[in-house]
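To keep things simple, chains are lettered A, B, C and D as they appear, and every chain counts its residues starting from 1.
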Amino acid sequence: MYADRLKGLPLFMAALGLLVSSADARPAKKAAPPKVPVLATEDVTLVELKDRMPPHWVVVNDVVFTHLIDGRSYIVDADSGTYLGTVPGGHSHVGVQFTPDASTLLIPATFFSRGSRGERTDVITWFGLKDLMPGAEVVIPPKRVQALPLLSSIPLTDDGRFMLIYNFTPEQTMTVVDAAAKTLVGEFETPGCALAHMTGPRSFMMQCADGSMQSGALAEDGKITLGATTPPLFEREDPASDKPVRIASSRWLFITFSGAVAEVDNATGTPTPGARWKLTAAGEEAWRPGGLQPYAYHAPSGLLYVLMHEGGPGTHKHPGTEIWVFDVAAKKRVARLPLETPSTAVSISNDADPLLYTALFGSGTLVVRRPSDAAILRKVEGLGSDITLIQAPPVAPAAATAP
Amino acid sequence: MYADRLKGLPLFMAALGLLVSSADARPAKKAAPPKVPVLATEDVTLVELKDRMPPHWVVVNDVVFTHLIDGRSYIVDADSGTYLGTVPGGHSHVGVQFTPDASTLLIPATFFSRGSRGERTDVITWFGLKDLMPGAEVVIPPKRVQALPLLSSIPLTDDGRFMLIYNFTPEQTMTVVDAAAKTLVGEFETPGCALAHMTGPRSFMMQCADGSMQSGALAEDGKITLGATTPPLFEREDPASDKPVRIASSRWLFITFSGAVAEVDNATGTPTPGARWKLTAAGEEAWRPGGLQPYAYHAPSGLLYVLMHEGGPGTHKHPGTEIWVFDVAAKKRVARLPLETPSTAVSISNDADPLLYTALFGSGTLVVRRPSDAAILRKVEGLGSDITLIQAPPVAPAAATAP
Amino acid sequence: MRRFDRAAEYLARSTARNTSRRGFIGRLGAIVTATGAATLLPISRVRAEKAAVPIQVQEEGDPNSCDYWRYCAVDGFLCSCCGGSASSCPPGTEPSPITWLGTCRNPTDGRNYVISYNDCCGKAACGRCNCSRDEGATPVYQPTTANDLDWCLGTQTGVAYHCSLSVVTGPAD
Amino acid sequence: MRRFDRAAEYLARSTARNTSRRGFIGRLGAIVTATGAATLLPISRVRAEKAAVPIQVQEEGDPNSCDYWRYCAVDGFLCSCCGGSASSCPPGTEPSPITWLGTCRNPTDGRNYVISYNDCCGKAACGRCNCSRDEGATPVYQPTTANDLDWCLGTQTGVAYHCSLSVVTGPAD
């Protein structure tokens, strides 16, 4: 609407001798009569992204350890290596949850009224992928666990209906949000147990301080009831990582600091231990999994990618120097891929022709690799300070989609 | 009060076999019978600083350009090179104002209810040097100019009674806060003019868009009335920097981008132009002042320290490669001190035996120098991301001290 | 689109509000009142695009590089590196409706152009491709040509600065 | 001092509140209810000091270095580099009243000591001397020995994490 009025503006301002006088300050150099047409006056435009996240777009999370209140996620097109945009987090940023149709990002965040002090407010905010603008917001109890990022502290049910938020104050509770109605359902006590690993549309498992598993279920209204508990499955000396790997709807692999694997199935609502095996063979005991995101599972191929390094106890956050690839069904290593740069995070896209991703905390660089040999396809640099988790979007539309 | 109850705690916990079991995980190595006494159980303590800022302590401001909501100031003991602590700023952090007795820091800050979005709140917060805790707070109109840091956008009157905050929305106004009563006085229109350079207990000068100076005065209740205006004193082609230098209570040096100096005195309430001279001599026209804090004036010696570099128009933010030292009364250069590292900020302590400070934006390093030859005495590294302004505290107690 | 209608409304309201006040009618305000606040709006239209709008065909240079000719007076993160382009704001941001202007010489045609350095706003700083060139930039008390100011002040989303555009508004000569 | 009285009050209130609730009485809570919440307080006294309290005379090593023996299980910014020391919080922060414990071997006397890794809280991250050693640290579902958790949760000033202490609470052997 301003186009006509603005056409004469530069001329007007030049006449005023005020706004464009900086040009006059430079030595006036008589240009040869230009042969090219004058550049057109441009509009300011605003980029829109797609309606849904393509399989090879990826969300890279930055916790910004030195400025923890300014955590954020970057969206990158891994096929082209293009930086597409950013979505804001908050203090102690974890990551996003994709709606099943990959159209929307749900981001839990913590804010203070005065930067790093003052009244604390925790919210979940909906960001449409297309415009990356903050949409609906639900205020939740200001108790969200503040820790190194764990996706199982903010799970979304497979159908996108409920979001669960693990609280630690140090009382342990779980907040439930109705993601369809965009309302708070409530806060439920989960004494002694942490995180929620989804095992079905309305069921999950928690990990408990004594090494046991606790099952939980959401009613149709989102209320949580706790169910059966296993005996302790792990020794205190070699605990299972708090970053287990989901290999089927109800089945997870819990992997200890030393690389022992235990499968647990919660299909019946009672966590049931299954096969046990090891990532390392005889003679490989010096190798351990490590990093902030040491495991990536590719469902279409049944392959598990693990960041491995040589190190003793207490090195569970050390970066991996190799990626070991396992056929989970066969419980067998199928490849050992050295990395030219150590990495603290590994991830893989969920499509049939996947891209493998790695990053080193502090590098600000996402490395896009060929899964078969970890060969570098491209690097995307300048991704902030402290990359923690790399998240590939869901590919197949889930059975139900949240409105 | 818990001391007695806690004495047995470690033992108790060891007996529980829970909290200290990590020790058990390590190979038990029988130590030779120790000859040294067992380490004492320690208390957690909290460091207190001094009641007043010594002359050689210095405040180093970090705007954190990549995470603008987390600006802050670092406090450093420049004699020892020790990092003493930090005080928080907010979005687009400028710096602090010292109370005349150097006991308290007043910090204007901008916050948003959701990190970098949401409702904006601007406040002034009092931080006692001794405990660096946020004390009183006055909420001001959320209009504080957001710009590269300028101390004349947040001046305190010499007696510490009123704080002035320059607003740009783009309407130009000045907020006044009663720093004694810790209340908001009001917001006053200052059309066409910016910043406030204090020229007496209740008077100041502003710089105006047409190159003129506007005088202003505060009544005893803090209300601002505007007074006399000068004709334009500077050409648009070579504007005076917005970082003038105060050389006496009512007198300021305004220095243009090319290094022309104009003194203006507001003793009478009518800004009166005085001497004009140049930083550069014949043949030195290629040299210009530059940086984010290009000038430091040392009142006891009457010496002006200027960051100079070789460069043409448009280089007014370029780092200085030399410090030129001028005797202001004589309008004469007395030294030319090459710097081994370019610097964007220069400052000097206000005592009779001063330390000279420099920093380069992005380096995170404060360099402490001998004023006579700019020789490096020590460096303080790890001071965040983006050092903008270096502030030395007042030395002599001012005539009046605010309660 | 909705957001920019709102921004235009804001400015309209802002102008209306200020006709009866001195605050906006000073040495700076003179420009505004003489022509209506809208003339401080180098944004003629803002439309959403499926992709960042590239530079014009007869241009040369790399808009991801600080050397690119339009950036002669920029100071900030280049939107080209942040999911936008020299004239497109990244998704999820809002262009500042008012801003400051510089003049740069296009090496391809030898002409000087008035460049509008609108900020894209409402998200934390992008942090990529920091570029400070400052040619013709003035101190903050001359705001219409000052690049030290955060120009997000007219936006709905608040003053948080994300990145800077460099939009061709027309020839200067 | 006032602040820590408040912290103690908080915990006292918190315990009282929880005696009638299941939330604090689980596998973790058992420890608490058996002994009273105060036993989760490795802070026996907190007093203000004019200077950071140095390491003990019979110790060796540089507390500004990540190699220093007490840091065997730390994960964060060392308060020693932030205006404090291994046992002193920097000015303007508040020690976390509850925390997690590790066990480290003092090379000078060959003894193992229980180290309390209290966080200093209420200010943005210090950013100096980041140190991650993790010996004996457990996953977050075993919180009493987990260093991935922000332990500022019991403070008055909020959960903002500034830096980490490494306080000798006694011999472990």
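What we mean here is this: a residue touches a chain if its C-beta (ideal position, glycine included) is under 8 Å from a C-beta of that chain, and two chains touch if they have at least 3 such contacts.
Source: prediction; values computed, not measured.
By number of C-beta pairs in contact, B-D leads over the other of A-D and B-D. Each chain gets a centre from the mean of its Cα atoms; the one farthest from the centre of subunit A is B. If you average the CA atoms of subunit A and of subunit D, the two centres end up 29 Å from each other. The distance from the centre of subunit B to the centre of subunit D, with each centre set as the mean of the Cα atoms, comes to 33 Å.
Subunit C and subunit D have centres, each the mean of its CA atoms, that are 49 Å apart.
The geometric centre of subunit A is 39 Å away from that of subunit B, both derived from CA atoms. The set of subunit A residues that touch two or more partner chains comprises 18, 21, 25-26, 66-67, 69-70, 88, 115-118, 236, 313, 384.
Residue positions 73, 123-124, 127, 135-138, 144 of subunit D each touch two or more of the other chains.
Those residues of subunit A that touch subunit D in the complex are listed here as 65-69, 91-92, 110, 112, 115-118, 120, 145-148, 150, 168-173, 189-195, 206-210, 236, 239-242, 313-317.
By the touch criterion given at the top, residues 18, 21-30, 40, 72-73, 75, 98, 122-125, 127, 130, 132-144, 146, 148-150, 152-154, 157-161 of subunit C touch subunit B in their complex.
Note for the complex: subunit B touches subunit D at residues 1-3, 5-6, 9-14, 16, 18-23, 25-26, 29, 31-32, 34-49, 70, 72, 75, 83-88, 127, 130-133, 382, 384. Those residues of subunit C lying in contact with subunit A across their complex are 8, 31, 35-36, 38-39, 41-53, 56, 58-59, 73, 81-85, 87-95, 101-103, 105-106, 108-114, 116, 118, 123-124, 126-129, 135-138, 144-145, 165, 167-173.
For subunit B in complex with subunit A, the touching residues are 18, 21, 24-26, 64, 66-67, 69-70, 88-90, 109, 111, 113-118, 121, 123, 125, 134, 236-237, 313, 384-385.
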